[in-house]
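Questions regarding the structure given below will be posed in turn.
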């Protein structure tokens, strides 16, 4: 049984080399990414036994996704289907003043049709923590209902639940998101939300702390973590507020940094760390995630702990 | 006005390097391919003014397709849409005894919804030859109706029409194909068909010549070309049968070789060549197409003519 | 007929990967570049119908140049020759404090012998704007005479003429340049000049505005645009001075940025934009040009307009 | 518990691109290989639950090995050490008449010091089959003793044992190999041996069948499989002899083909297949292994079964 | 002092990847090649002290040539010039039935102006053997005169002279070549000539032996070697005829194979080997040269001797 | 005879591409590096005749090292051995806040066993300057003794000796280093030491100047150069202190920058430059070394002198 079980869609990410745009691309590097599997990979990298629940078509492309996650030590609990496609997205790196650009091609994926019956509820019930994000309910009504079922199943089994708002404007409107998410919140113990999403989607006001306290009060979360990009993160846990600055990073690949934060935070909590330590480690995991290619981290617990302890100063050990 | 106008779907082709399979791929080379645009590119390479009619979503990926075809000298007459995706397919090179493998991901493309109103009928009417293949009607009923309309429009305007059967078992059954194609045939002047498709889809019997003569008689085609892979090709034109052996090739990329044949044949006919010469040049174009990467040819008329004249013997000129 | 017609030499650009110097290079990426074709590509990217007049030897290398420009939507009106070579230049990226380095190998190209008879004067007469730069007359006396003829032909036909000083010290001395250019200026409506060239070659004095006003007065230009690299650009048009700051850029490839500015400016003017808007769009085009590989832009009008409107702040849309 | 447990050394394989020799190499592709982990990967690809026992230094390079095997679905049961290095070998592809070339750099690896205490004997006892090869005892006396212990432990627990002779002349002499191997044989149920090794190392005589029967008689093996490269393989099982021809292959990478055979054979037997079927599937697995890069297979059971059924004839399915 | 001194032009060779043609090339690999430096590299690889005399412009590209030859152990005795360019040639690999293609861009190189004064006559006088080929006199009258001077200087100093006819139809006509070469022959001791060149340029008739004997008689060569591509080579030395078959090769890169033969032959003779042994080693060197990228060999004497001894049969030593 | 002779171990450096970590690497670029050969390459690049003394196993990997150094103009005076391996190290580029990482795999190399008898003492005696670094005595007691012998031999022959402390914590402790180095110092004329090593290993105190003066006094060095990374360098020579700021660099590859400094300094001194000029040129060489891939410099004297004269301001010359 895995300590952390996540549920969500995972896609192939296709990226042209730096300096080449999608409209003229000649080659693509292939990575595997999805918010919930990214979280599982980050947690696994920090030593947590992690599994990922999803649905994939039984093709070479579906197999490609599974090989990647297995390689990172995540247990893929996949519902294989005869129909449907593997979601893909094209990611073009930015270079100031040109912004990064994403073309999603994620329609028609089998997770949109997956019901709880298709998924391992035993894994959910046997976990210490179950995680999904706001992307999942945005995919389809069926996916939203399944996500709700999994969170409820976890709750009933006494399993901690965690949720990242992860608003995607290309999938739904703020109003639609708010309506669906608010219904899910009663089953959630730990909420992660970007400050901007809190304002734009959840109608929060005030500074980060006010946002976190307000959400905790309104929805009864045990922990609310508000992420603020380069301005770090803040957690309100059982009434106390903890803050943590971000590291300055020379970014190689920005995608998946937020998921790395969540994975680092949850792994640390599962490991018995207190909230300030989990913030530290989540922040370090997120920073390191930005320094390597791909949506998933390339690191281990020793890298994260060294960064937490030594900070940004250090040297090549030789 | 272009001399040759083709109509059909064009996709992004994504291929891992030789020796790497889709299920473990780390990088992909990007090419642009579709039977009808491949034909246009081959004809353009031989000096024919060629245009391609299609529909694409107005995204960077749609633009990628257009840049590629423009670069080859083909005029892209595109109906740009707000919705839909660019079809993609993954092509894995084979190595004996492992066969090449294709994973199609071509659903949801706008050409499936395109009506004659969306397309340049003026280009059709102004052409010397209009071409489409059996892939187009296989995409959707709407696409089949539009293909029929374009062929009828060409006929009415006195434009020669050409059609390649191009059966794709992943798109429809032989029976469904037969039913649809037979309805289209009255509007077709020149038919191209692989011997295997003639047997499996069109229920032909006998040797290649019998097949060609039978089809010409049954459907009133002016020319029927039966292609036989490494065994060459055969044309029945106004009652006379012409044969041509294939070249031995060291194959770099097998995809698009049949389309190169059609493009080379049609370009030669448009240029005033007789059928035996068109067979020679089509065969040479197809052989050269196998020696370069991608679905579209990398050659010019001089390359084709040199191969026709000198055959397989030659040397590095220095 | 194309709205913009440019005339000039285009070369193959060969560049080793970053971190590798020419003296040890193991591989080269191939791009196509030349000031005047770069301007045509940028204008085409913004939606202007653009053509490029030049001469090339009828070899695979000449064909390589044509495929590249066609792919970008530019109509190559090439005088093909039996003799001569394709100019090449080797570009080595810099890394502070090592400067970028260029080795030109541009002798013996057929444009040096091209006469107006070899070129499409109809395209010149049918254009809305004709453009060349100071590189062309620097190539040979014959090229200088031909450039003068084309500008005169345009003038007579009532076509707007534009010229970028583009001084190249490896081709001629400031004195030789000044003497030749001053003779061309009476046929020029719109002048583009780098502030440094204005001082070093045209003997201008004072600040940018004084330079622009002085040149307009002295030579009767309708518009003078003075470019100042990272300090932006300034235009004096019909007596009024307009300024525009540059964007901060994370530069991937600096080559062709000035040409992108000219292309963006001219395309906007041809499109009916006023001078301040043309300055904005030219500046944005130049900034985006620095963020992608190669001498020619990889962008479209939407990219430019988004940057003009949103400025440097934005996010990955997802 | 895994059905198949293998024990042996796994190395990083570093290979220059085709056409480049080690003495001038500029880049290397990285693969992970070792006879026993290759067998585990092949068995896992065919659907067998497989684990691999070994020792590795706790470095990024050791981690590299583990990520690769995990990605292929193999459970790495690693004894992590503070000292020692990861074995590496350099593999240079051949091109007739130049032979492939290998430079081993495999000294100082921790498996040479590993004792049974360091390894999971529970995994051995819980397996259905335990496998190692003649490379392991060749590494050190300690490794030979540990291999003997593991085979004895398996035997006591009623677990089937399998062994591939895999003679390596760079590690020991035929005489030394024979002396050690003959001591191990009493604990082995299934023996795999290349015909050449049988002659050179085990002093066998006669044709393949005579060799297999002789070995079975002399050492009491339940099954003896004699592999003959391009001449296929032959098995004597409970007194009956079965033969199987090899497939003709267009070889991309010859390394690991023999291990793929063993993995395919053992997986099939564990799956309940009879010996002739296991020979068929082993042979097909070996043939496919030669068509992809790296020491480990890139295939699944469906690929193997399709090849067994359809043989070498087939086509691109589209 | 080097035992072997060669004199000739060396160029940068630029090659697109296999499957990509020059007219669409996106990248180029860079090699250094020239008949005479190729011979020096091959001889050096076999253990001969070798130097190369030439002229190069003092640019990064000239330096690139020198680094390459130095790396292969050849001593570059370069006359550095302020003017002129480095010759380049573009080489496109063939794939049947498409032939390899070469685009030369070798005009304007300083060796065309080099006089004996520019070159190290001491190196010539101190050598055991001096070599040049028919490409050198084809470059310019000045180069022809310089080549004649160097051969005469060698002769006077008692140094053996060797010459490879190496006819290049893109540089001169057979008649022009014959006239010039026949004037050089009196100063030549050892002649290498392809059978085809002997017929087409030197008007020889009869079989290979007749050709060799005829040339030896007519021009007084001590040794005449006639090369016959895949049919091997034949030498007439002091009245005796020796033959040697070629190896079958899986060719990676055909360029420079003939030069490798010459280098292998001359190195062996300098080493004291008799003519049959030199033929064996030259043939083996040529065969190995075809199996690696680039114009120059990647091998050492042990590779050559192993191939001579073991022939085409062998295995990966492990 | 070479003016500069260095002695030390040289390794293969294997580096994954930027953004890819060792634990997931798929490819490696190959460079050759070692402090003492890096110094020789830098000096050679500036025009000094340089040789390198070392021992290597007689394998393709040993040959790889030699080809690289030869290519850079360094004369490799190698003691070839039958046993032992080529040292390797894996270098992973950093990206803030992730630090660069090095995994050494340098055990078992033949230089650890090399005695003065194995090395060319004639080269040492015939040099103008002999150099080694603190890495050499750290490798083994035998290497330490041999280094001492070489320095003593140089001293006796009146050859200047130079030494860089180059402390490596992965090879020995500060105490062990101090004890050994202090014994070597009496034979050293010119000492190079990083300020940090001076403090940590040599127990120096005070500012850089105090350190340099203290070392000069205590050990009788004619010159002491203290390097301070981005804070530049300082030399005390015959009682006078000279300082030099570092250049700001956009670092592509930090490895070998210190060695480039030493090579630039020594080459300048050998060339007759005074100490301030040598500091300037060493600093410029070090800065340029950081802008190119690999441990060894890619530059020539003109690059260094241009940077010294023009400083950080300059432009693309065109």
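Letters A, B, C, D, E and F mark the chains in the order given here, with residues in each chain numbered from 1 onward.
Following the convention adopted for this analysis, a residue touches a chain if its C-beta (ideal position, glycine included) is under 8 Å from a C-beta of that chain, and two chains touch if they have at least 3 such contacts.
None of the values given here were measured: they were computed from a predicted structure.
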Farthest-lying chain, centroid of Cα atoms versus that of chain B: F
Interface residue identity across copies chain A, chain F - same or different by half: different
Centre-of-Cα separation between chain D and chain C, whole angstrom: 62
Separation of mean Cα positions, chain B and chain A [Å, integer]: 44
Distance from chain D to chain A - Cα centre to Cα centre, in angstrom: 39
Chain B: positions in contact with at least two other chains: 21, 23-24, 26, 63, 67, 101, 300
Contacting chain pairs - touch in the sense defined above: A-B, A-C, A-D, A-F, B-C, B-D, B-E, C-E, C-F, D-E, D-F, E-F
Touching residues (chain side chain B, partner chain A) in the complex: 14, 21-30, 59-61, 63-64, 67, 85-86, 88, 90, 92, 101, 103, 105, 107-108
Interfacial residue positions of chain B with respect to chain D in the complex: 18-21, 23-24, 94-102, 104, 168-170, 254
Residue ranges of chain D touching chain A (in the complex, touch as defined): 63, 67-68, 70-73, 300
Touching residues on chain F, where the partner in the complex is chain C: 247-253, 287-288, 291-293, 298-300, 303, 307, 311-312, 314-318
